[in-house]
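Okay, got some structures for you below.
Okay, so subunit A shows up in both of these, paired with subunit B first and subunit C after.
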Partner chain A sequence: MTAVLDGAPVATRDAGRRSSWAAALALALFEARRLLLTLPVLLAFALYVGWIVWRTPDFQDGYPALQDADRAGQTTLLLVGMAVLVCVNQAVLRAKRRDTERHFAVLVLPRSWRTAAHALSLVPVVLLTAVCALAQFGWSALRSGAVGSGSPGELLVGPLTVLLFGALGVLLARLVASPIAAPLITVLLVLMLFVAGGFPAGDGERGLRWLAPVVTEASSQTLPAALLDRPAAWHALYLAGFALTLALLAVLAGGGRGWMLTAATAGAAALAVTGGVLQCAPVGADTKAARERASVSPEKDQTCVRHGSSTYCAFPEWTARTESWADVVHDVQSSAGGTARTQPLVVRQRIDARHGLTGDAALEPSMTPHQVTVGTAWGGNRVPEFSAAVAAVLVAGDEKAAGSLCDGRMVTVMWLALNRLPDPMTSLRDVRLDDSVSGSAIVLSPTNPMSMTAGQTDVVRELLGRPAGEIAPRVTAHWAELTTPKVTTARVAKLLGVAAPKAADRCE
Partner chain B sequence: MIPTVSASGLSLRYGRAQALDDVSLRLGQGVTGLLGPNGAGKTTLLRVLATAVPADRGAFAVLGHDPATPAGRQELRRRLGYLPQTPGFHPDFTAFEFVDYVAILKELTDRAARHREVRRVLDEVDLADVRGKRIKKLSGGMRQRVALAAALVGDPGFLVLDEPTVGLDPEQRMRFRELIAQAGEGRTVLLSTHQTEDVAMLCHRVLVMAGGRIRFDGTPAELTARAAGRVWISTERDPAAKAGWRTGTGTFRNVGSPPDGADLLEPTLEDGYLLTLDGAGAEVAA
Partner chain C sequence: MRVSRQARAIRQLLLPAARALPWRAPAAGAGLGLLILAVARIVDSDPAPWLAAVLLRCAILADAVGLAFLMDDPARHTTATVPTRRALRTAVRLALITPVTALWWTAALLLVPSQARPPAGALTLEAAAACVLALAAGAAAVRLTDALAPGPSVAAAFLFTAVVAPLLLPDRWALFVAPGDARWEAAHQRWAGVLVGAVLLWGMCLPEPVRRRPGALRVRSPSGTSDPSRTW
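Take a look at the complex of A and B:
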């Protein structure tokens, strides 16, 4: 049967030039705006920004090493990544869940392009993440105590992780049309990240754990940037390739076809594999040798400068910090008596980099006379700890001997170390392992710790409670006796004009 | 004269059911009604013409664009406005956002021009005041107008409306008819409906489908005229009538072959429609 209706043909009024690329970009912008305004993403960003504001000013006690600051926010960004995963997944599934798919299917922009638009909608989120990461790093870099250098690769890891998670969300929506799939995958990812953290490091300090998006380190020590040997650039390539592969697979799953798409997917996968393989390669022999040299004979890599009568030897990135060390040495020596006031010291920065960042190893105390060890960290508790080490070397002669101080000299050491610090009593609390100002305790220092008896603590507390000007002349006057081995705490107390403790010295 | 839509021999089978059976048609400017009982193939025909499903056999073109090729299908879709039978919505979107979203999917990419167009169609369907309101807060009638606005955005030359007045109250239905009538000015509208009043009020042409085939093609007046002399009133239901029902006055209105001396009534479009369905398989009038 044929039905015929007459009438003039109708032309459509074109609202501008049309193209699928431009439409996909417009859709990506539309979806990006909605994605950024979803509650989980907003909350995750709020937490991330809150973390930056809360953590950055005090990061590494205000003396940040930029080779650590560049990866400081990576773990927190996992939260943003997971929120993006869930929300972009829900956005892709929206048409299916709301039954608009059969309508949208007859509109001009095909499903594959819409999928691409969802993947592209991740770009603004990723850029925002990058801005936040850069702001956090820049904030650290601008601090007056900042040392070292950051890695662009490390800075890219966070944003690329968010991109990876988002691409996974898009692909997941194209493979499983269920809104609970993304939350389930997120839980699974959290578990996997825990498992990945436990992957063996393999040969050296790398290994399969680098297949996880964010790779944390067991050690909190700061190493010179050249000794870190974190394959951040390869890891960034791996993440970028992986994310791109997932996004392109999503477009394929969304109905996209053509040799260009297939070739791009293969290229992205090749990038991911290349980055993945290279990042897992063992630590190079050169790096291992450099780590060994820096740990065993740091003087070969260090630059030494003189401040006053003492010499300060630091790895190149820390040279500017020698002035801060010299200030502490000056303060301690100013309170000392005898030859200790003018004793030339060698302050040497030491690290144990032999195992990279896979573990914390305590530094052995130096047996070189008048040499004081200083670490790579500074600020906060590190200042009284270094001050205590300087005082102990001035009193005991070397760090090894200082570690076994078990008599009244410990009182002199602690008074010398703390009396000229801004808040001596707080510093006493900070330098003690138990954070108390009473009883016996371990006293932290850059190398082996020292110990204080309860009686010594009482005397030191009493001394620090009095004006330094009252004690200092007594220290100077009785310096020889105060620093004599086996001098009792009671005798020291008497010489310095405070009450003697009842209990005898008994080291733990 | 070139028609907006021309189709020939469209056939589509769903399993054992022949949803479309050799349907041919040519549509020009104005509103064309598509009547038919449930299962007649109306929605299937609309979905085929809207390129939602391909026909098993036959061909069609819209404004000269053949959907058999990807490029032709794209061009056709650029000229198509489609309002599905039960349109879905994104309830968290505002009316503006939803229509804007559809406009993007129609590849209206210039943001300023697109937003102007979205405002225009929302004005056209009388939703300017609520365009910033989320769809979940809108009434059923308003939502239906949002769907119509989404179909109208981009000023398509061919508008496919699948039962757009279902579920609307009389006032909303009347408002919707006005909108469809406006939409029919200057474009081709194919309106599927169960409501013969819709056709009577809106359409200059009507197609009646049954069993996947077109059983009638003509003007509403011609369809009505098919019942001339075949509607009568009686005090009892006439067993010879093809259809009959009790009216509000207590008498029976019968449609079919009246007995001699029957008290004949003025036929309506519905009478003509019922008689056409009853005679499905008979020769189509036009």
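Take a look at the complex of A and C:
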């Protein structure tokens, strides 16, 4: 029998492709939900969110610089990345473990499409990570003491690291069909993390260390955003290209063929190589010049603001903070006597950016009379340290002289610095290097430290225990003698009406 | 009488158990551990003591992750009713793996240059604690779930604990201290505690449960083996 077709057969090729897409998307959604609900991923996210809630309020003592806040959560996200790596790997291997590979083979989705669906199932986890990273950054940015500006590149690094680890998990499952592979790769990643974190940054800021997913810095000092010069955007491009390459390689390893796939893989690899090469390029000459200028002659970059009789010069990002500095200066000066009460000061923000973030450098004390140095950090211990520097400059004249104070004037300095602070005894403990309130100790300041003898400490502790209204008139009355060079601690104690220490002044 | 019967059972079990043992995962873990130490030795023949300790701990972690697969037994539901108890069968597995692991650990220690090697006794205690903990976790997964091969989930859980513990443990419970640290001695007393706890947990998880409650603990593992296996 011969059948006659009424019309030409309809080509089903397009419909098949469309249904493949739809099925892959459905599988991706299903796998994404499962991935988000696996125990390690849930726990890792719980830890990450807990860490954000615990650490962000106190980040940089509540006065965050946003150029540091944007990369604060990157290291913690490695944990999420590792959990995603192991879980997505086991999800890809599930079909083999349950022996359902043969059933899938007769369905609409070929193996390569299923691999692609597993790679796509990473997207919601990555988006969730991005939301968490943004929330952490936003929390810092909304604080009243926040300064500076964040970089989108740095914010992308965390989510892209999770994507990279996840893509590695998918690829690994397609290359080695054994459930032991992913945990062992994770052990290697942990080792890399520990060993890379333990080594100092080395001589260079750039170079091969940028090939690691998350690049940490040895220094904790805050620099103006323009001087950081971390190649964050190139690094994000490198991570995105790398993750995409691994995901497409996984599809290829899953049996995917076709010139478009090959071309896309080549394109992704090209992106990764471009980002990888550019991020490793040495620090540019203009950045080096800008760092040199900001370290040696900061006045060329700074704007100055007047509050009261004093001038406050800060890098543009920090001008909003000059008011906090002015409050401290006002407090110290209103406790002083003589000309120090009205002496116009210059408070200048100084940094040493010549080595970038490869190490912390101590600032040289300024020799300019009546100039006080302030750093880029604020809040916490930085307040009494700055307060001590202001008092020392009022008493000794300049920072260089303040560093070698070794007589009774140190008592005046410490009382001036601390008596108006909210909790003087805690501040005394904070400002001393060994966190003690007795015995001799080093007193920290933004530049060179000062030193207190055991006797001076006893007198200061005694003075801070008395009501300020009792001591302040005596300080004003005897100001000239209290600030005379070579005045003994015993004499100062007598003038201020407290017991004199037994030991003579001797600085170590 | 009973003892001799058990001894005969062990003798008869030894060869089949050796053949059925999931050797591949422990071998991969141990191999990676040795590889880490060997590569580190080639790259840096005189590492700092802290670095040597980190490398040895990573090697221990790799080996322990491999051992987490040791309790996998695809035939567990078939063998649940045989007269030879599971405790005995597990003991045979342990007897097979222990000499190999001891040999591996000796090789691992010898791969670290002697001048940088942390105190061998203390590190051996850490290795023993980690390995027994991995075995105990595997045994607990077999005891508490119906899964035939809980290895991947156990390995993931063990790894997660190992990565998170150094970050979360407060200072007074510190376990991962560097050699020469003042807390070294106290930390190793804690390690001994971990070892004892792991041995106890393992002992408790050895027997086959008398009956499976319908609501037996169903942990959603990363692999999704949350429901009773559908392959039997």
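Keep in mind that, in the parts below, the second predicted complex is superposed on the first by the 478 of 508 C-alpha atoms of A that agree within 3 Å, B and C clash if a C-alpha of one lies under 4 Å from a C-alpha of the other, contacts with A are read in each partner's own complex, and residues count from 1 in each chain.
Keep in mind that, in the parts below, a residue touches a chain if its C-beta (ideal position, glycine included) is under 8 Å from a C-beta of that chain, and two chains touch if they have at least 3 such contacts.
In this text, all values refer to a predicted model and were calculated from it rather than measured experimentally.
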First, second, both or neither for A:Ser334, with subunit B first and subunit C second: neither
First, second, both or neither for A:Leu37, with subunit B first and subunit C second: second
Partner chain in contact with A:Val108 - subunit B first, subunit C second, else both or neither: first
Contacts of A:Ala23 with subunit B and subunit C, given as first, second, both or neither: first
Touched partner set for A:Thr426, first subunit B, second subunit C, both or neither: neither
Partner chain in contact with A:Arg98 - subunit B first, subunit C second, else both or neither: both
Partner chain(s) touched by A:Gln90 [first = subunit B, second = subunit C, both, neither]: second
Touching both subunit B and subunit C, residues of subunit A: 94, 98-99
Interface residues, subunit C side, partner subunit A - complex: 24-25, 28-29, 32, 36, 50-51, 54-55, 58, 61-62, 65-66, 68-69, 149, 151-153, 155-157, 159-160, 162-164, 167-168, 219-225, 230-231
Footprint of subunit C on subunit A - complex, ascending: 34, 37-41, 43-44, 47, 79, 82-83, 86-87, 90-91, 93-94, 97-99, 178-181, 183-184, 186-188, 190-191, 194-195, 198
Complex contacts: residues of subunit A adjacent to subunit B: 1-20, 22-23, 25-27, 30, 94-95, 98-109, 114
Of subunit B, residues touching subunit A in the complex: 1-4, 8, 22-30, 32, 50-52, 63, 74, 77-80, 82, 84, 86-91, 97, 100-102, 104-111, 113-114, 117, 150, 154-158, 186-188, 205, 207, 213-215, 217, 284, 286
